[in-house]
């Protein structure tokens, strides 16, 4: 299971272990952690929620995209759900490739795509309130190959 | 000690732990592993050797370069020496930053600079021989700010 | 019968994770319009729809047994 | 007296990790030329020099007690 949604803390090494291969000279990982300050506002904790079955499928899709585009790449992604405190690990992406430039690029692709197509949401909790966060890319995130909502409205 | 040369296997998590910070939303790691095939030739094992005291200083220099160039970045690097088998970890670079794009770029800078200025060498062992490998970047790797050898010859 | 799933702020508005209603034969756009009126959803124009765990277009026609999910802009990672 | 360090293929050629000789007052270029002749080093034109653990230019003058290291093209990472 290289693509998982986890209710428990993520063990980084166990995600890395999934992509070790004799042909790989490079493994990159991206570890998304809960940051205390966003736009100067102090986060107390976060709640992540997922449409779990679809989220796993979309993570698998990202893995396939990477393995098609970067030759010899192997990918594993685990995303946490539930309550996370500051510095807790929300997501771990591990990518191995024969050559290092690919390992960085493919990994970057994974996190950008997660923020576009994987049905996971976070609710930020501050001292003075809470809010579901969306549209982090500051654009509407429609999946590839689907028409925009506006185009479908009569 | 964020910059180390190690005779023992590297524990990836312990390198990551050194860069965890409340201000960081992203940690990237680069894990260099021993690849079986290079240019179609089968490696049996490698020996890494370092000018250890200078290597630590140069790793520290790379850390300073990154912390100056990428705001809020924190860096840790451990490089292994001695005999390494296929898939063994030769180097771990961990970089944390407030925003993810920086974490990828700064990490990439670290590995490129290691291959330029850190006095560490590897000897590849094949079935039919062995050789010290140099000049991996396929250019002469002179340190910044130093004249080229040719310029100094009369 | 169809299961309809809500997430994030939509779930908070509805007060439930899912409801069961029969919307077979209707288009995704019709279902969205019906539920948006019923629950007075905020920011519903940026919400995507998934049918059986795959993103769908607004003109897709729902079949009996299809699982429909409303996907607000995601914020994982 | 000065300590001179050899690494990688240079160490194999010399057969030792380091030697002690007095080269104070000489330039880095002079020391390189002397040792290259003595040991018949291969590919010595791509070798850099460090004095007291910092890369040096060929015209740097060695002082008593300086540690000199010859740095073949590196291959870490």
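For reference, chains read A, B, C and D in written order, and residue numbers begin at 1 within each chain.
Here, a contact is a pair of C-beta atoms (placed from the backbone, for glycine too) under 8 Å apart; a residue touches a chain by one contact, two chains touch by 3 or more.
This structure is a prediction, so every number in the text was calculated from the model and none was measured.
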Chains partitioned by contact, subunit B not counted: A, C | D
{"item": "Computed distance of Cα centres, subunit C from subunit B, in Å", "value": "49"}
{"item": "Distance from subunit B to subunit A - Cα centre to Cα centre, in angstrom", "value": "26"}
{"item": "For subunit B paired with subunit D, centre-to-centre distance based on mean C-alpha positions, whole Å", "value": "23"}
{"item": "Multi-chain contact sites of subunit C, meaning residues that touch two or more partners", "value": "none"}
{"item": "Sequence positions of subunit B contacting 2 or more other chains", "value": "32, 111"}
{"item": "Interchain contacts (touch definition) - all pairs", "value": "A-B, A-C, B-D"}
{"item": "Partner subunit B, residues of subunit A touching it in the complex", "value": "12-13, 16, 20-38, 86-87, 96, 98, 100, 103-104, 107-108, 111"}
{"item": "Subunit B - residues contacting subunit D, complex", "value": "32, 48-51, 53-55, 57, 79, 90-91, 111, 114-123, 132-136, 140-143, 146-147, 149, 152-153"}
{"item": "In the complex with subunit A, residue positions of subunit C that touch it", "value": "5, 7-9, 11-12, 29, 43, 45-46, 48, 50, 53-59, 69, 71-77"}
